[in-house]
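Next, two complexes with chain A in common: one pairs it with chain B, the other with chain C.
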Partner chain A sequence: MPQIVLKHRFGRDGFALDVAFDAPETGVTALFGPSGCGKTSVLAAVAGLLRPQEGRIAIGGDVVLDTARRIALAPERRRCAVVFQDARLFPHLSVETNLRYGLRRAPRSAEGPGFDEVVALLGIAHLLGRRPAGLSGGERQRVALGRALLARPRLLLMDEPLAALDAARRAEVLPFLARLRDVARLPILYVTHALDEVDALADHLVLMDRGRVLADGPVAALAARTDLPLAARRDAGVLLDCTVGEAPADALTRLDFPGGALLTILRPGPPGTRLRVRVRARDVAVAVSEPQGLSTRNVLRGTLTDIQPAGEGQEVFVRLAIGPSELLARITRDSVQRLQLHTGMVVWALVKAVTFDHRMGTAATGAAGSGAPDALPAA
Partner chain B sequence: MNLGLSAEEWQAVRLSLDVAGRSVAVSLLPAIGVAWLLSRGRFPGRMLLDAVVHLPLVVPPVVVGWGLLMLFGIRGPIGGPLNDWFGIRLVFTTDGAALATAVMSFPLIVRAVRLGLDTVDTGLEAAARTLGAGPMDRFLTVTLPLMSPGILAGAVTAFAAGLGEFGAVITFVSNIPGETQTLPLAIYTATQTAGGEATAARLATISFSLAIAGLLLAELIARRMHRLLGRA
Partner chain C sequence: MKLSARNVIPGTVVSVTKGATTAHVRIDIGNGVTVTAAITNEATDELGLAPGKKASAVIKASDVMVGVE
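Moving on to the complex of A and B:
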């Protein structure tokens, strides 16, 4: 399990970094926060490209940095491959030679997917003879993913790998990232400031702000909390791990989640496809009796478990238990008083079928820890 | 094909090419090392090294030649032991002409190599590190290929300039036909000789053509290299 403890101050009175967290043994740990919160510095320190003043970093039981014991392995000996935002492919080498660069230098004992397997996984077989200058941004990033994975790293570091791409290119690369995550049986640290990437890829979330860790834990657990900066976002809401249901009655898709089902206009894939859906709190309405004559397709019976203020305004978060799952609804204080909402009462949550706002389209794949590449929708 | 040149004139042309070629061969590796130190090194005395390397550009060539004579003369602090122990004599020899030319063109090569090195994205070297490449490995596989346009440009420029080195050469190794009389020295001699105008004109034309050819070649190679390196 990667363990990371870092303290670093840039300049005399500069920005101070003070973080400590553990990442799970496999799967994606997202370092999420606003620009300048220090998440990229954490990544650089893990890779060995930044030497922190204090810290201890262990990967797979091996200590690669321990300032107290004066241990600081050089980056080339850490076996932490990095996927940079700007790809950083070697311009004078062909795509194939780029891909083999890390592979040739990996220890013989290192295990990992083979060259042909990675090329097929990323769909880059037709690019092997080309030079990086002739590739599109999305193709470059796919090659960079392959090059990092083929270095047979113990830990894969990704520094905003989609941030330099336009929306279409992001949608092109994201499914490959999801595939790579499912194939690579190794921990991945993923730096991003895009919440949709967290939703689509991450299992574990480290929430950062101003050089500190605000919270860390499973993504869905943090998304459901109302005391974090995440809750102040327009797209605050819970994440539901869903499975596409068998043959829905109408043209809509049924997404089954523990305790209920949602009808949606999303087309994530055939029945059995697993995906994680963000249900934004501002898209959920609450009724105290079962409503009739509504266009809203999703009416879920549940129990009101909590009411929390949402920021300083006239709004609150209402937490609803739908079986073992939870929903958050963002409503006005006025509504709470008018309907005399209180914890323990039975309510109905209303969610429109057209509300699921998925900028990433079908790329929102892979439930936490599913590890099943065959469950991925076609890209 | 003799272009109307006499045997002596051809000898001067061949000698110039020989001297310039040897001077580049001798100074290329040290120039890469010095360029690396100046561009990437963080050590006290870097400014001083920078100044010393550039001295031949500002000091009169005759003074450089005189300095070489003092150091590498038969009784000089370096020339003495070289002569006594190894039987290597630089004064009045072709080797000495190459050394004088190398010293004079050294700053040219260093500048070009350094420019080439500065265009190398250090992010690529960092990427190579994270992929497991040690210092020498990533220098040879990433930095050196990417800075090679600068190295080639420096070599060609120094070669072209070396064909015409005059002051340092004539001061250090004198003007001996067949041994140290390179093109510019032969031209100079011709202008000092009664009836030598035609020889001077022919040699000057050749000198001019070689210089132009060198510059064109440097440009051609640079473009070719940039395309090879994927910078289009």
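Moving on to the complex of A and C:
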């Protein structure tokens, strides 16, 4: 698994980077944090574009950097492929030649998907004869992903690959990134400051702030914590790995998750489609008896396991166990008193079916490395 | 009803407009003030919501925004 330990100070009193984390062998590890937190510098150091003052980086069991032993492999010998915000394709070459450039960089012994497979994976067969100038931003980025993959790297590095695209183009490229993740069987380090990309793609999350790692672990585990800056966001809440149970044409879709189900107006796909759903804590209310005569579609029986302050104000996070799954509800302290909420109590979590329209992953990621590509859209 | 939602405002349904999956229900809460709810079509049927019916708007305090003139 990629192991990364870095220490670097920019200038004598400048920004200090001090990070250490391991990334899983396959799947997406997201480096997430505000602008200027150092996540792109981490990527640059892994790629070999920044030489840190101290550090050790291992990829696929090989040490590519170890300052203590004066090892520092040149970027081209690290076998990392990088995808940037802008596609950086060769403007004078066709899409096909751009892609074959990637393939030429692959060592003979390297294994990986072939040219036709990559072209099909990214849905770019109809673009092969064109020049980059004739492509949309989303198409260019798909070609850049293909070129990176064809170099058969041991590690894919992505530096905000969707940040330069408008919302429609992002939505177009995101499913292809999910496919790539499921097919590539590679570790991917993915820098972003967009939480919906983390939700949709990442298995593992490295949360960064001011040059340091605040926390790292499985995405869903970090999302469910109330002591991280993630909890201060408006969209704070748990992530549930769901499978479409029922999707009748004329009624609500049922999303099954371990311990329960949610009805939603979303239409993610036919039964069996897997997706990760963010249930915002703000969208969850709590009842101490089973409510009657309420329009809310989702009434989930559970146990209250924890009450934690939500910031400085009058609100708290209430943690609810629904079978083996968890929900967070953000409610007022006043409600905690009025309803005499306490841990161990049986409660009902209320979630409106119309509330899921703002956040959902495009493809399933389930457990890290499970990689079943069954939630993919048709190319 | 023992709910965490802080605001339970009684009123009378003025209109129910169904969409593809979501219905918009307008509730008159007095003095000509209406509150609009976005709920599922199924919920409107189940609760028998129709103009003239008594119903309450339930709003989480964290969902209320404040504007001043």
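Note that the second predicted complex is superposed on the first by the 355 of 379 C-alpha atoms of A that agree within 3 Å, B and C clash if a C-alpha of one lies under 4 Å from a C-alpha of the other, contacts with A are read in each partner's own complex, and residues count from 1 in each chain.
To be clear about the criterion, a contact is a pair of C-beta atoms (placed from the backbone, for glycine too) under 8 Å apart; a residue touches a chain by one contact, two chains touch by 3 or more.
Everything numeric here is computed off the predicted structure, so don't read it as measured data.
Asks: For the combined arrangement obtained by superposing on chain A, do chain B and chain C clash, or do they fit?
Replies: Result for chain B and chain C: fit.
Asks: Looking at A:R210, would you say it contacts chain B, chain C, both, or neither? Reply first, second, both or neither.
Replies: Touch status of A:R210: no partner.
Asks: After superposition on the shared chain, which partner residues are touched by A:R282: those of chain B (first), chain C (second), both, or neither?
Replies: second
Asks: Go through the superposed model and pick first if A:R301 touches only chain B, second if only chain C, both, or neither.
Replies: Neither partner.
Asks: Given the touch rule stated above, what does A:R330 touch, chain B (first), chain C (second), both, or neither?
Replies: After superposition on chain A, A:R330 lies in contact with chain C alone.
Asks: Could you look at A:R169 and tell me whether it touches chain B, chain C, both or neither (first, second, both, neither)?
Replies: In the superposed model, A:R169 contacts neither chain B nor chain C.
Asks: Under the stated touch criterion, which partner chain does A:G293 make contact with: chain B (first), chain C (second), both, or neither?
Replies: A:G293 contacts chain C only, not chain B.
Asks: Examine A:R9 and indicate which partner it touches, taking first as chain B and second as chain C; both and neither are also allowed.
Replies: Touch partners of A:R9: none, neither chain B nor chain C.
Asks: Determine, under the contact definition given at the top, whether A:R147 touches first (chain B), second (chain C), both, or neither.
Replies: first
Asks: Closest Cα approach between chain B and chain C after superposing, in Å?
Replies: Result, nearest C-alpha distance in the overlay: 45 Å.
Asks: Identify the overlap between the chain B-contacting and the chain C-contacting residues of chain A.
Replies: Chain A residues touching both partners: none found.
Asks: What residues on chain A touch chain B, complex-wise?
Replies: 47-49, 74-82, 84, 86, 88, 90-92, 101-102, 105-106, 131-134, 147-148, 151, 157
Asks: Across the complex, what residues on chain C touch chain A?
Replies: Per the touch definition, chain C meets chain A at residues 1-6, 21-22, 25, 37-40, 42-44, 46-47, 49, 58, 60-63.
Asks: Would you pull the chain B residues touching chain A in the complex into a rising list?
Replies: So the residues of chain B touching chain A come out as 121, 123-124, 126-134, 137-138, 141-142, 145-146, 228-232.
Asks: Chain C touches which residues of chain A in the complex?
Replies: 251-252, 263, 265, 282, 285-289, 291-297, 315, 318, 329-332, 334-335, 339, 341, 350, 352-354
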